[in-house]
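Please find the structures below.
Okay, so chain A shows up in both of these, paired with chain B first and chain C after.
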Partner chain A sequence: MEKTKVPSKVGLFIFDPGGGLARAIDLEAVLQKLTKAKNVARCEVIRDLWETNFHDSIKKDLAAGDINRILWVGRFSPDQEKKIQSELASEGLNPYLHEWCDLGEQGIGQNGGDGVDRGAETQKALILIQMALARTRLLEPLEPLSLPAVDAVLIVGAGVAGLHTATSFMDLGKRVYLIDKESGVGGKVASLSRLYPRICDPRCGLEYEIQKLKESDKVEVHTLSLIKSLAGSPGNFEVTIEKRPRYVNEERCNACGECMRACPIVIPEQSTPIPLFSTAPALQGAMNLLKSRKKAIHPATPMPYPSAFVIDRMHCPPECRECVKACPTQAVELEQSPSEAVFRVGTVILTTGWDPYPLSKVEEYGYGLYPNVISNLEMERLLENPPEFRELGFIQCAGSRDERHLNYCSSVCCSATLKQVRYLKEKAPDARCYIFYQDIRTPGFDEELYQQVKSLSDVIFIRGNPSTVKPEGDTGKLRIRAEDTLSGKEVSLSLDLLVLAGGMTPSDGSRDIAQLLNLPQNNFGFFESHLQCHPEESQRTGIYVGGACRGPMNVSQSIESSHRAAMEALAFLNETVLIEPTYPVVDVTKCDKCKRCMEDCPFTAFYFDANGFPAPDLAKCRQCGNCMGTCPIAAISLRHFTIKQTAARIQAIKASFIGKEEPVILAFLCKNDAYYAARSAADSGLPIPPNVFFIKVPCAGSVSNALVADAISFGIDGILIAGCVDGQCHYVKGNQLVKTRSGDLSDKLKKMMIEPERVRFENLEIRDSRRYVELVNSYIRELKAMGPNPFKV
Partner chain B sequence: MTELLHTETIPQFSICVQCGRCSSGCPVAFESEDTPRKIIRFLQWGWLKEACESPFLWLCASCQVCSVRCPRGVKIPEIMLALRRTAQQKGWIMAGEKLLFYRTFMKMVKKKGRISELHLGLATALGKMPSHPIEDALLFLKLLKRGKIR
Partner chain C sequence: MPPKTDKEKCDSCKAEKETLCEQICPGDLMTLGEDKKAFCRMPRDCWDCMSCVKACPKSALETRMPYQLGYHVARLIPMMGTNTITWTCIDINGKVERFHYKNRGSDE
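Right, the complex of A and B next:
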């Protein structure tokens, strides 16, 4: 890397097509000053950007080595910038050796020159160009990196979302590892009776996907498996999975079922409620239906793919060998032990799904206490063969939208109940259904389902939730009392069966994985993401979340969501991962290994290198610069936005350019919104006081305290740091980080005998241009009252 | 109106979603046209007078079933107590004789510092025309026999 240092030779071009700049400021004086500035090889005002002579002369200078960096002053559109960069790149000028200085966005020449002090404007423009020049001198040529990547994906959870995503990846020609902790694929949806809105059988869709998997050699399905560890970085993950023993050889088993006939052990699939009172015949039938007749050796559940049987050894008597004897293919291997497998994948998609809320916690409705109080998932199983019930009740929001249980709406239960009622009424038209609800929420086209059910006879909607459920003597029925809040009358009903619409919670598997991979979760335990902009990105690069592990959603939404996750994951599924060269670099000669960067990185991109120094994992890094901001000794710099470059810019500000009494403010504006607010303030002609200079930063969190202290020591009166509104930061927590650091900063300022109020933090939204101007003006007044910075000369 | 209730540090009734769990569990709501949910609804509309005039206020036994069942954590008995005080202050009381018990109770407390159940029962029973004099007398004897009234 050792190169002989070529001195910077800056070509400085002021683009002033209409002469507006010359009217607003004394351009001649500025030019005179700049021509004499250090490192400036060429300084011109240009009127036409695309004039051939001009281009030829630049190219000639570049070829001769007379200039090796260019500072463009003026307003350039992104297209123009790109075109200039690419044109000059062919002449050997690295795209990172251009610097763009827009005077207009800083408020120069934007309000027609009325009532503006031309001298001050000229001074400000000169300082701005000098700031940009200071940075231009320090620019370095940079090349994008490309890291090798594996074009395979790991999908965790083979439910409906995982299966659909797996087949889509398969169609794209990517290698897929699909794992699930159950013995078969299909997830929760396989246990449903019907899907709304078409009232179709969910197994039909699942079977179709499984068929595709079977035919492909691109997909590897591992059931009874859990992630054990995830190492490496996006593009090159190394996943270790742990497989529980199946006790049946997958290659040998031909699913003939002889073993199941021989197996003496019937296992309960779930603990059925204990009947407390004599049960009615219809109820008895229902209970029998809910009980499973699963043997200890049985086909894979929920759906028998892989087709090999599986043994639940928990229930086997130790000496029993019936299945071994019965198996005609010698597939039963009771000696199997847990095994591990390692894959290399480029990206991980989590579709770990949901679990039903434990309804026994909603004590007042007697779930688990009375046998004819069942959950909506159990109702799905009853629906296939509904026993002869006359009177059925459905309680919506059982435990949902309730601060004692789930303080959110699970968004699918209303439609699910309506679907159940509709399907039930097809099979048993005489049944009377009472639906107790708080609000019926059928978003979008689900409204049709609502209207269909509304038009059925003997379906009664009661707006009001019951408070308790009591058994009615020993008739086996339930007595339920509720207020029909619409009529204000009390209703008292005797029911054969009560269905509780319980909500969705993140699955246990999701919680375990969140812990294992250190993924942030929201208050309810679902995976956290930036819901508006990157809903499927977990806050760990290369790991995406889709489906109901991200929040309650129905089947079609979860397929959509997992596909969105897949779309974002594709970036890591090429042969290479492209890295912008503007990544952070740790200066190991300065670093004292305090690990602050590791803690504060919103994407946990830092790891220890061979010598114990923190180093960013470039594939994980999103280049927000929070590490640069947090490093207490300024040892971390984003390339192309280095601490040195920014410090040089700050140094170029002459703090007393409009007199010692006038305060000068330096603003650090987040490029995502505060910058746009300031820019549109200038563009829409709002009067921007000459006292303020701003520097665009990648994130408010990337502003180092060292730079702030620097600015104060150069005599700048006030520092304004503006970032996003809390909870809206694109880099998760940059704006919060900068606030937590303010404690350190005010200590530092107090040591310098400076008022801590000279540094302010503000939240600005993208359209807050008026607020930006008001903010600056009020800050100027405050600073005037405070008096000039004692460091000012 | 809201100031009146807020000064009494009442949890906000505006968070009520009118699910009706309070009313369906209420052991005394069957006695009245109004239910706890309706009273809260009156308050949401700002109909303080209607809320205060409701006889339900004086039926509420503060048994807390409603607040235990409430999914939003509204402290309904506290609201009822606040409304009773407001009703007294403003004179918005429709069910006059229902107040007799409370007035006798308070009078006794002020006078003696404690309650004599016998006196309280008799004073309330005699203060108005008893609707079931014979049943009441029999109940009285029963209670006396079991040592419930001393």
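Right, the complex of A and C next:
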């Protein structure tokens, strides 16, 4: 790292506008000490921050080189900090050469001076300023980095979420690559009959988006395509996709359909391998509907965009050339082979959607055994022309909320069934519908749908799922037995058709991509993310997840979700990606390539540089500092929060400043919550004992054992590391990593005949200010009972 | 006497190709056993330099004191800070002595 040769000359300004600090501590004595401190060029108390004389004098000193770093002591609002930084930046003082030392948040002068030992407070304030001074000496000027980036996005999955997001990006003027593994776009939603709550045709909305895509030259749609590899870093990904052959030239085909008329091969639309053994006419009609057929050469599915036809070659007889002969534009190319394409994109959005839970696993309902047991997705296809059924059953939670199958609620099935019933009753008012349910879950405005369906005649809700489903002789009907748990009576019904509301699972494509891109998945296989704060941010920077691949959701929710993903992705969709200069740096003269940083980085941001040393990919890095914490030889430092700066701060603590018997605690507080707990404890006037000093850290996981060992060896009695509650860490697992490490250190202390409790890890939430104070006080009592740290002098 | 491994603690440096104790040992004596735990393959060649003990990120290694320095149950335990080292010596009578050094060559 480049070192400035100029020695540090610190201007130290204590901002005490109302004189409150002077009342709380012996400011004169502190000032006297500090004036003589090493590297302090100027030290004074200021009353008015914006006094012109004061500013002019700083500017003069800066220009003359009399000061080159400034330590501000006191409470400054973020606006004040920004204003000071920008004003002095014009005088050539880098914004990273300011250090801010807030005595108030450490508890100095905050509780009106009642019952406070003024001497101890003065000593504590002095130490705090000396700590800050130790860091100020080591500050380095830093400049933000800007990396060149690509203004394009890859969207994987052209379902409803992918399509809507693609057109939104298009409107923003971004280049979009939209890929899908099917031959056409539209995804699952295209196979639905109606959408709730408006009971409208989903194809209407999809077609609207497709029209927009057609008109744009910003969007490239690649169907029959899968991601093969993803290289590079956020802002600069290089994606390779593999395209399966279409056997029809997309540019030549005009979708006239001549080939389809000539094609001799008929294949089922969707494989429904249900044996048709019933003779009931209504049922046969239904089954024919479900078994609608197409030719081996056919328009793209689910929605015919791109408009070029596609051939299912696996069904073609080897020598057949009928389509080639029939095509008036010579578009059929049976010799096509798989191809690859490479794009450069700034970010990737995954909208890989869902698959229905395989209902044949829910054995008790006879799906796959009896032809008139169908899934709710198959019901969608029957809805447009419903056969003449008299009695229909709907089973909710078929496999959902069931520990043997899906141990979650798929959240859409209740509304979907209600929609189906409502629409069916419009088409066939005489049909009688029985709905077997555990609970009807219609969140938000879906309640209206529930009320509407409840008011329909011949719709019967039965609370309780059927125990047996059996065919009734060869009448083609089903005999259902169930217990109505509300009345306690047994119900036995004869039904024409039984519809199972199956749950949603992550699609096979989602699982494949998770494996390919090393994306963490939750227990149910959906993409993992920080659900409360960044639901659409995957744990790999620059890759976002939207729609039902993230969890069960309905159509409007998945469009919302993918747009949220798009919003977060926009940061990487510029000509440049701006990187804060506080990124980690690996000291290669120290590093012994143990790769723990690579192992523990929650975002797998590390790669090997040309010499085999680990190096952080700055675009992927989220600057949490877990690499710094995990490095066993302290060779990694976050810039502006270096190991050296922190070690210097720790060394500045005089462990026996209030007498050897009084324990001194050093707390490392996660800046996401524990720090706020401590700060608000001080601000709300809770009595903070003078025994505790805290250092704000970007994540508890950034605390290195070497720093804790330093603190112990300098005689500090207790080290408190406070991080988030498990599962709430913004950096996935920083709290757990530091917990294990500090546990190891505790064990070492035990061997050294030192009480292992001198290192302690605690979980603190942001509003735990009272708990923080109680924790500190009880820790002080414990440490007092232990006696002073043997290293204390 | 070669170092002793706490098998509960040793994580075989998460199956890296060369563990930290392996890298640092001047005699190239440390290696992973079949159980994927570090051990000294030639105990008689160990100099008790304690490099491996200091390097172990999991504090899983401990020196077994050679009899010339202290009889059984005597212990010598280093703890590494950022730029400091702390020694704890415990003799066979349980007497504890501690030493704390700042490393030479530190840049301040």
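Everything that follows uses one rule, which is that the second predicted complex is superposed on the first by the 772 of 793 C-alpha atoms of A that agree within 3 Å, B and C clash if a C-alpha of one lies under 4 Å from a C-alpha of the other, contacts with A are read in each partner's own complex, and residues count from 1 in each chain.
By our rule, a contact is a pair of C-beta atoms (placed from the backbone, for glycine too) under 8 Å apart; a residue touches a chain by one contact, two chains touch by 3 or more.
The model shown is predicted, which means the values in this text are computed figures rather than measured ones.
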First (chain B), second (chain C), both or neither touched by A:R771: neither
Touching partner for A:L707 - first (chain B), second (chain C), both, neither: second
First, second, both or neither for A:R42, with chain B first and chain C second: neither
Which partner reaches more residues of chain A (counting touched residues only), chain B or chain C: C
Contacts of A:P632 with chain B and chain C, given as first, second, both or neither: second
First, second, both or neither for A:K644, with chain B first and chain C second: second
Touched partner set for A:E490, first chain B, second chain C, both or neither: first
Touching partner for A:D747 - first (chain B), second (chain C), both, neither: second
Shared chain A surface residues [contacts with chain B and with chain C]: none
Footprint of chain B on chain A - complex, ascending: 364, 397, 401-405, 438-439, 463-468, 481-485, 488, 490
Complex contacts: residues of chain C adjacent to chain A: 9, 13-14, 16, 19-20, 23-24, 55-59, 62, 75, 77, 79-84, 86, 88, 90, 96, 98, 100, 108
List of chain B residues in touch with chain A within their complex: 17-26, 29-30, 33, 35, 37-38, 65, 69, 71-73
List of chain A residues in touch with chain C within their complex: 592, 594-596, 599, 632-634, 643-644, 646-648, 704-707, 709-710, 712-714, 744-745, 747-748, 751-754, 790-791
